[in-house]
Amino acid sequence: MSKEIGHKIWAIPEGYIPGSSNGPEPEFLSHETACILNTGKHSANIEITIYFSDREPVGPYILKVPSRRTLHLRFNELKEPEEIPRDTDYASVIISDVPIVVQHSRLDSRQAENALLSTIAFPVND
Amino acid sequence: MSKEIGHKIWAIPEGYIPGSSNGPEPEFLSHETACILNTGKHSANIEITIYFSDREPVGPYILKVPSRRTLHLRFNELKEPEEIPRDTDYASVIISDVPIVVQHSRLDSRQAENALLSTIAFPVND
Amino acid sequence: MSKEIGHKIWAIPEGYIPGSSNGPEPEFLSHETACILNTGKHSANIEITIYFSDREPVGPYILKVPSRRTLHLRFNELKEPEEIPRDTDYASVIISDVPIVVQHSRLDSRQAENALLSTIAFPVND
Amino acid sequence: MSKEIGHKIWAIPEGYIPGSSNGPEPEFLSHETACILNTGKHSANIEITIYFSDREPVGPYILKVPSRRTLHLRFNELKEPEEIPRDTDYASVIISDVPIVVQHSRLDSRQAENALLSTIAFPVND
């Protein structure tokens, strides 16, 4: 299937990258993920803006998801225009030039003592 | 981006603040959070009503989320008109004068034995 | 607020009550919950149907949620027309005569080693 | 109830099958599940396509969910056209010829140290 599905704007109000982790990295590094799915025929050009509780938003973080691919983006790997600070509440808005689907997760299922959360992000009607 | 996104009314049927916690506070205090994102140009004036299983609702709890900011509100920090009782089932309705996006979480990812849940709250069509 | 919010039909495809638990009951009994919120002026008369993988659906399970109240219903407490079997995949459809909001959870946050999941259920357009 | 509810196309951007597990199988095998509910009068003929980060999609995986039944499909049990690789990011699109409801879960609630996640999948408007 190469049909475009989803929305061009998504919001994730929850965001928090813990400042510490247990276990070998990168597999067991505590992380937040935006899982992005682009089922369409064209690459998705994506801009992410990060919102904070006490200062102006930062962004755009720019990335691309090729046609018919998924990208499980770890927020802690974003570097430009600046790293997302640890131990800090944030939120994100993801804008694409083609429809995509976004799911928010925090996960590490390979250690018995890990914790998981996940939810489909909030799709904004165009 | 300063576009308003989201809805003005949100519901979270699940709510429960455990009466006990493990670990140093406030980082490891068991807590429920409503993560609120206001991407618009105007402050969001918000009223929260708390529903119970066996008595009349309590509220409004009043708070403000500035323009282009996120607030990760811990329900256990609400004080007025009264604290939310511990070990008690509750639900909440969040009403804003401008569109916002709300995600419900219970989380502590910094202790190996913590548990997490999260979901985008239920948006009510205006 | 006494405004009716939500939908009259909700679906929860995931359901599974573990056959064993750790810790004193009922607090630490493994359980699945449908958190139901009725913000309106009238009691919600609710019928739940349980679907299985290999036999006909069972129901209706009948319950009431008063006006302006929440009910965090544990599926393992349903008795009539029959108990939901343990260690068995099931799904549920919840039908109300007035709009309600439903969130699905499996939770026990009072033991360090508990696990949690939660999602707003799937609302069916009338 | 034999009313058809749901949508014909669903997306789950998050997918990851851990390469290792703890505990006796199959109960404690780490697994990802698509919980599918078909409340209608007709069997659901379903095709699943799996998307990856770095190669073409694989599928369709073909399955059937009978009328008025639920199927809690474990992705790690899919064999044809090929097994889903472990320790690999993937996403899925589920297409049915009749309306269904889909919930994504990763769960094992019978071991104290297990972790859980769940969310209603993303429904695509026809």
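By written order: A, B, C and D. Residues from 1 in each chain.
In this section, a residue touches a chain if its C-beta (ideal position, glycine included) is under 8 Å from a C-beta of that chain, and two chains touch if they have at least 3 such contacts.
All values reported here derive from a predicted model rather than from experimental measurement.
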item	value
Interface residue overlap between copies chain A and chain B, same or different (over half shared)	different
Maximum centroid distance from chain C, chain identifier (CA atoms)	A
Angular offset of chain B relative to chain C [C-alpha, multiple of 5 degrees]	90
Between chain A and chain B, centroid-to-centroid distance (C-alpha), Å	21
Chain A-chain C separation of Cα centroids, rounded to whole Å	30
Junction residues of chain C, two or more chains touched	113-120
Parts of chain D lying in touch with chain C, wherever the complex brings them together	1, 5-6, 33, 35-37, 39, 68-72, 101-103, 105, 107, 109-110, 112-120, 123
Footprint of chain C on chain B - complex, ascending	9, 11-16, 18-20, 22, 30, 49, 51-54, 56-57, 89-91, 93, 95, 104, 106, 111, 113-122, 124
